[in-house]
């Protein structure tokens, strides 16, 4: 095994401390009994209790989750279609513009995306609310999904689809019976990415939402503008915990599958013939 | 026990004018943009044949196969399968199956489900599917592995799954795209015989694409040598080797000496002037007719060239030269003999005895010789 | 037919919800501010036939852009955004490179874990990560408490609501974007190259400068663009950490729209921001293209 030099050890320690200390501090202070977020006054979970009493936050959370589920699902369908078009459809009229429209939202400042969508909604007289947020989120996250899925499709062995057709599938059947099950992990991570982006988004949602539909990030933003609050700390802790559990589980499962696959392959080669 | 061998009827449907071919290519041309992959091809392939398409990469052999499977459509011309024009039939409705070079096994399905995949599309009853899959598993000796996933079996087993899957629907025609390309040499040789065995048992027509000439020679009833979208020669393996119709074929299959010269006298033999100060080569005239003064490419296999210290008396084709190089390959040795006029002629001898002293060594003066029927005269 | 349907669904969606809105922004940026609903003129009406359309196009002008040029608030905001984005990108590189380098030097069985630790913050809310610094950098925040306790200062420093806080916020939130491309470039680096360099007479340090650094260049360039491009139009960080002192164009656009309700100016600000962004985006694309070609 290779030993880390003192330089690398220091770089990694300081680096990861920088990445994680702010969040750890946030989590610790969410259990602070004092209203003053900077003075430690003993352990307490009362802010979690208050958070659960706060109807405005709960409503916003509910709106956010609904928007995220619906928009990420639409984004996954549209994004997967777009990826398929980009990777497989060869040349067609307007292909350059199509791929431009896929990649542009990834680098477009959120304020511009938000502004332009809002002007569209006003222009066609669409009342702002949950629907407009869903439309906005679907549009920008489908581009992320299509990038994730198309990078998987590029390495997809096309002869698998041909084999399916050769064995009697129509093109549509071959997509659902062969392609989709194989690229499913990429589609799933596309969905998760879209879901996270939607949960997370403040700027675009602020433009696209109306008075009746406030999402959680909008709520948090307007609360923290006034300063640090222990309730927000508690809320942040919950969100950080969910994400951490999710990411750690996913990476353990991935790693275990990789190890199992490798072991299977080695055994098969050794046992073979 | 001694049996009197009754001569087996030779399998040669292409010589039987009463038989209708299974596959017919009629003036088929395929272009990709400016590139001509298949150039005005006409060919018949018969039922129960094991037909090999042999050629370098880019010669159009894979395109031909993909047109049969339905993944490409001819730009011009027609393809018939059992007398029916198949141009409008999509791949999923053709009674043609293909075994892919990469095997294209579905990684998310078990061996069993892979083999059952095509049968399920035919909406067969469950029992019929199960029987057929088990039959295929037995045929390819895979019964033990039915419930494994493709990544849990070895390369050779994967190859057999791919074969079983493509045979499961009992196609009229099976296409095999470099079926043994991913296997190592030893396994490949075993599998070649297995493949022939299965072809014979099932009676399916096989069309195989390969760039490995040994493989083509071993398995095929007929071999088509292709180059730049054209079939240069279609014939039995023996005739392809012994009676190539062009320098391209002679050179592509096996090792060969090509000696360029000019015909001086043509009777039942062709006499060829090929180098100053050397006697003429006398070769038997084959299919091609030569007139006096025509350019001749005389092709002769190294194993048909003998090497000796003294001039042999029984053949007009004996030439003196010096040994330039010796390649010892274990079973055989190849001598590179340099003629005074500059050409090098390769001669091969079998090393039939172990540890024998080599008769010749570098810079020895030797005679190379061959009979008048040993080589072929080619136009180009 | 099926292919047509497959292409047209995402195509039409993007045309309607990406391209058309953007054209509307350009159109409104060429209109004039009026106090009405909608708060700009002219509006396109088809009821007056061809004459209406002609009148509409005649009504469009560059007046708003001329206004942007003349008012130095906007100039300063663009320049300040460019300055903050450039400095912050450089700082992120300084922080990110040693981390990426250290990760590739770690034992192979540790690397997936380290990689996960870098990616994890990316999945947590951006807003929360910015917010975490508000408590740390404030007047009574942990940084000031620590410095006071150590006796290094006797007055709390003002960090929050200054450009310094914005830099810290950007480096913190965009660090993964810098680490990941550099890490993937360094990971491909064959160890034997360094051994060869040392064998040929390099010291460890000169081997780094002559071999490792140039070979990680593509990762560095990609990382810098990935930080620079989104930072330029950043809104959340300057508005939470920057206070009124920090001028960034994303914040100006937000305020023009929400506070001043000046749609043509907000649109014009957006159009110019995009024009500025086109240069780094094109350079970034070209770098990616080159890398793909180099990898075959």
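A, B and C are the chain letters, set down in written order, and residue numbers restart from 1 in every chain.
Everything below uses one rule, namely that a residue touches a chain if its C-beta (ideal position, glycine included) is under 8 Å from a C-beta of that chain, and two chains touch if they have at least 3 such contacts.
The structure presented is a predicted model; accordingly, all values stated were derived computationally and were not measured.
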Return the chain label for which the distance between chain Cα mean and whole-protein Cα mean is smallest. A
Top of the farthest list for chain B, CA-centroid basis, is C
Across all chain pairs, which one has the most C-beta contacts? A-C
CA centroid of chain A to CA centroid of chain C, Å: 18
At what distance in angstrom does the C-alpha mean of chain B lie from that of chain A? 55
Need the CA-centroid distance for the pair chain B / chain C, whole Å please. 61
Per the contact definition, I'd like the list of chain B residues that touch chain A in the complex. 69-71, 90-93, 96-98, 100-102, 104, 106-108, 117-118, 121-122, 148-149, 151-157, 165-166, 169, 187
In their shared complex, at which residues does chain C touch chain A? 2-3, 6-7, 9-11, 13-15, 17-22, 24-25, 28, 38, 95, 98-99, 101-103, 105-107, 112-114, 116-121, 123-129, 131-136, 138, 140-142, 145, 172, 175, 229-230, 232-236, 239-240, 250, 253-254, 257, 263, 266-267, 270, 273-274, 277, 281, 284
So in the complex, the part of chain A that touches chain C is made up of which residues? 1-2, 4-5, 7-9, 11-12, 15-16, 18-20, 22-23, 25-26, 29, 36-39, 78-79, 81-82, 84-85, 89, 92, 94, 97-98, 101-102, 104-105, 107-112, 115-117, 119-120, 122-123, 135-136, 138-139, 142, 146, 171-172, 196, 199-200, 202-203, 217, 220-221, 224-225, 227-228, 232-233, 236, 239-240, 243-244, 246-248, 251, 255
Residue ranges of chain A touching chain B (in the complex, touch as defined): 157, 159-160, 162-170, 173, 177-178, 181-182, 261, 264-265, 267-269, 271-273
